[in-house]
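You will see subunit A twice below: alongside subunit B first, and alongside subunit C after that.
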Partner chain A sequence: MTTMFSTPVSVTNIEQLTPLIKAFTFERTDGLAFSPFSAGSHVVVSMGEGHDSHKNPYSLVGHSEDLKQYRIAIRHEANGRGGSTFMHEQIEVGSQLEIGSPYNLFPLHWLARKHLFIAGGVGITPFMAYIKDMKMMHKNFELHYAIRNKKNGAFVDELLRDNSGKIFIYSNEKHEPLDISRLLDKQPLGTHVYVCGPHQMVEDVLRLSEQLGWPQSAVHSEEFTAPDPGKSFTVKLARSDRKIHVSERESLLEALERSGLDIPYSCRGGACGFCKTEVISGTPEHRDYYLSDEEKSSNKCMMPCISRAKNDDLTLDL
Partner chain B sequence: MNVVMKPVETFRGDFTYKNSPEAVKRFPFPYPEDEYMYSVNMEMHDGGDPGSIFEHDFDIDEHYLSEMAERKLVLEKDPRRYAALPHMELHEWDVLELIMVSNARDYPEHFSLKKDGDNWTWENRPLGIKDSFVFADKNTLPCAPLEYIARQCQGDLIVLDQRENTLFADALVATSVADWSGNFDVGMSFDQWHGPVPVAHELGVFERALKYLLMIRLGQPVRRLNWTLTINPRMDSSPEMYHEWGVDRSSITSENVGQLVNLRVELQTLFRLPRSNGMLFSVRGYLANMDDLCTNPVWAKRLYNVMKNLHPELADYKGISPYRKELVQWLSQHA
Partner chain C sequence: MTEASSGIRSKPQYMKLQHDPLSRWNLLIGESDGLVGLINLLSSSSTIKPDMTTFLYTGTPVEKAYAHSYFTPERCSKVSDFEDKDALLIALSEVLEESFMGTHLYISGSEAFLWKVQHIAHKCGMCESEINLELLGSEARCVYCPHCETMNEGVTTDISECSGCNLSLVNVDHFSREMGAYLGFRVDAENPGIIPERKELYK
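Right, the complex of A and B next:
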């Protein structure tokens, strides 16, 4: 696998969409156009230096018609690991960042007869790109978007201007709950459902669709899970004969990168498979969604972006 | 390097197709060792030496006009060589965009593309085409986007949809195939269309290859070479035309090996498609006869060893068995 391509960009616009969500517009510093991307793609944004450096994946909201600009939206997670705080507090118009090439772990299923989108909160971001493609390709879709209130709902004004009759917004404040069960129950055969939002919402859609007999292949979800902190541990690197300390608040991948190793990655959340690393001995604490149960129990490989070790006996083939 | 295109030659009937000495020199000789076996022989498709077939995303060479005339002929006789399932429309536009942008950049003397929002103007000077159309509006092109661009680039185009952790060959233009039918295979999954390949399944090649392919990234295409043998420089050895070429395999004698037995090498490239998240699988075939290849003594010796050592199941699968004895005997003069 190759090393990661990243593109230097500068921030050309920042919009405060809600009290907690900002949208950032990027342009390439070399002035060239970006590639088009498929709806549902994310990019990894690299920011900061040294101990305050972060690499976080964010869904692409859209691009300008001439492809000179990409736009993402980020919710400030005050209790997060610092990436969103950095973006909200340190980044201003003119700031320089690097972004990786778009990668899609939440793609459209083009065989769907109807596309049903369910969004909650900042989970609206990938659907902004979805809707554009749906319209361009004249596809049958509906968006159901749950927000706390209008002030806290990103892109609400833009969505309210749409007159396709396919966009439905549910505001907690107005006591308009989104009844997921009823929504799923009345869908025609051949519908695919896509959900992005808070953990509970994703869980609800997965559970209810299963109860209602939806085929698993027609249910798509995305949840960006930042690696949970864990106990600190020390890992041995066999090829370079080194020991690396992984602190409580950093991931194994981050510790390896800090030590100068160049490991391929994309989602940094245990889903894409790029950072798969061979284990020589010891027992990883698997937390990813990528490896099969067999691979996990063999303990011959692990995903360092999200998985850790419970003690200091782990030796990697690095 | 400026590509000089030869006048139209034929891949059927009187078979006037010939390689220039320069074309033989850049021929993608596919054997790294004296023994051939399947492997996951993929590498990054990120350029190559100037003038080599790897230099650009899509290689255009002296046979461009001949191959485009051949494609036109096959599509006119059998329009079903273009086949696409209805959900592949955006994928088709992706392919058209990828090839137009790449070729206008890499061969500016032959092609140009002007974009004004969704209003695009494409010029193909060798074929005398200048068309304006609206991107993603199929009514503004004379035929489907995939067929439109396939009629202007060398190699077959197979467009893959990625879903449910595998790849489906859901749209294609296949007019220069080595014994498989595009129209029969359209809609098949990766496992289904590789079903007939011998030996490789036991080696676990396909499982590893699929995992690798699913993770191909935007702007980071990959490539591999595949090969077979063909009697006469025939591009279209499809099952649909078996009645015309099948019998050729029994026509090989020790006298005509050098002229009639052609090595067919396919440069197979895979590109992630940006808008649809699908994949383009481009199969670009190169043909050269044994006489031309054996002007290179290293290749001649290697060919002898590979053909002598070839696994019998592979020889059967590639249709070589009926004339393998004559071929090896002829090649032995170079051993």
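Right, the complex of A and C next:
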């Protein structure tokens, strides 16, 4: 599977965008060009080794025009699982990492007559690539970007330099709240809305758009959710006749990878469906957004990147 | 609207209009016999708000008079009737340009009419889940000739002569939502000159 290919890269630039957000620029160590990507794509960055290893997805913020480099922005989550801390504290210019091929779970819908982008905090990253596409293709768009304050908003200076009149920044500090309900209330027919930001913001857009009669097909969201910790458990692998222990803080997928299994993956957040795994017996604790309710209740498959087991009776077809 | 449960999947299956409770603005579009479908929709739904409802209609003078007697301001705040379909479609484009997300379309009439309206709605960026169709009236088909790219309207027989290239076309249930037309193709392609007798199938 193409997303599994890892490319060795070196870090060629690090910018401190805000006190918590750093942008990293990569170039391939073999000097070749990266593959082109569509706006909204992410890459999975593999970092560290052994127990301190992480594989996290990040949106590409640059534009496909310049394939000599890829650029991502990472917010330091002090209480996260360690990936962002690793990137913020251990990676410097010249560091070597591996990244996967770009994959897009948040593509633009080109038939829309208007594109309405709603970003919160570090959720601005996919939109930076979107906006370049919009301007290049002369499309009708608006960006509404909510930040805590100017100091904590990534790319604010770059966005403020824009004079298209289509970019709106809402700062909590200045008491300019982004009123999602008002924003969605009177949009012209043929508008598609895209949201990337904190969980509550994504939920609000999904709920309010439904209440206001928007069809689901015109509402797009992306949330990179790290797998929440849970109770530790043991899983049986039927084909290889093994038992694997999954600790509280690691995901089932990570435990399987640690045991040498090569499971296809892309988003590592329960959205893309790549790591779908057959369940032979037992009851998974489904936490993904990919499987339908029927699939979940059948307990015949699960997404190990984010879902866990309720007890030690889970047996997988691996 | 759903897909056929058997046979050709692209052939549209039409259902009675039902109000989607999430539809905020309701745009009711009808032609001739379609009036019945729209009256049924309005009378069966308690969730339709008169001040959020627009009715556009074309039909005979008698039909129009009947439409006005039912679509009173208490039931529907904006009511317009039109000389013919073309005038209605032009007005519809203008209404859609001024409409907002949350508008749902309820269309009732002949099959050709349904898809003409649907085509305009698509061009305005509406998607299938915002558009409801009920077939009431003529099932005469639009048949697309792939040999000369002519659209033949009002076809009521299984085999018909293309008005563009004069070939005899057999029309099948394969339907293009983009064109609002069924596919026709040369009936004597394999045995030139042998044209089966045509049957009247659609009224």
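Convention: the second predicted complex is superposed on the first by the 311 of 318 C-alpha atoms of A that agree within 3 Å, B and C clash if a C-alpha of one lies under 4 Å from a C-alpha of the other, contacts with A are read in each partner's own complex, and residues count from 1 in each chain.
Everything that follows uses one rule, which is that a contact is a pair of C-beta atoms (placed from the backbone, for glycine too) under 8 Å apart; a residue touches a chain by one contact, two chains touch by 3 or more.
Because the structure is a prediction, the values reported are computed rather than measured.
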| request: Examine A:188 and indicate which partner it touches, taking first as subunit B and second as subunit C; both and neither are also allowed. | output: second
| query | Regarding the shared-chain residue A:245, is it in contact with subunit B (first), subunit C (second), both, or neither? | reply | neither
| task | Would you check which partner chain A:199 touches, where first means subunit B only, second means subunit C only, and both and neither mean what they say? | result | neither
| said: Quick one: is A:148 in contact with subunit B, with subunit C, with both, or with neither? Answer first, second, both or neither. | reply: neither
| field | First (subunit B), second (subunit C), both or neither touched by A:217 | value | both
| query | Is A:111 contacted by the first partner subunit B, the second partner subunit C, both or neither? | reply | both
| said: With both complexes superposed on chain A, which partner does A:174 reach: first (subunit B), second (subunit C), both or neither? | reply: neither
| Residues of subunit A contacting subunit B in one complex and subunit C in the other | 111, 217
| Touch list for subunit A against partner subunit C, complex | 111-114, 184-191, 209-218
| query | Residues of subunit A touching subunit B in their complex? | reply | 2, 5, 35-38, 40-41, 65, 101-104, 107-111, 133, 136-137, 217, 266, 272-274
| query | For subunit B, which residues are in contact with subunit A within the complex? | reply | 44, 87-91, 97, 117, 136, 161-164, 211, 215, 217-220, 273-277
| Quick one: in the complex, what on subunit C touches subunit A? | 20, 22-25, 96-97, 99-104, 124-127, 129-130
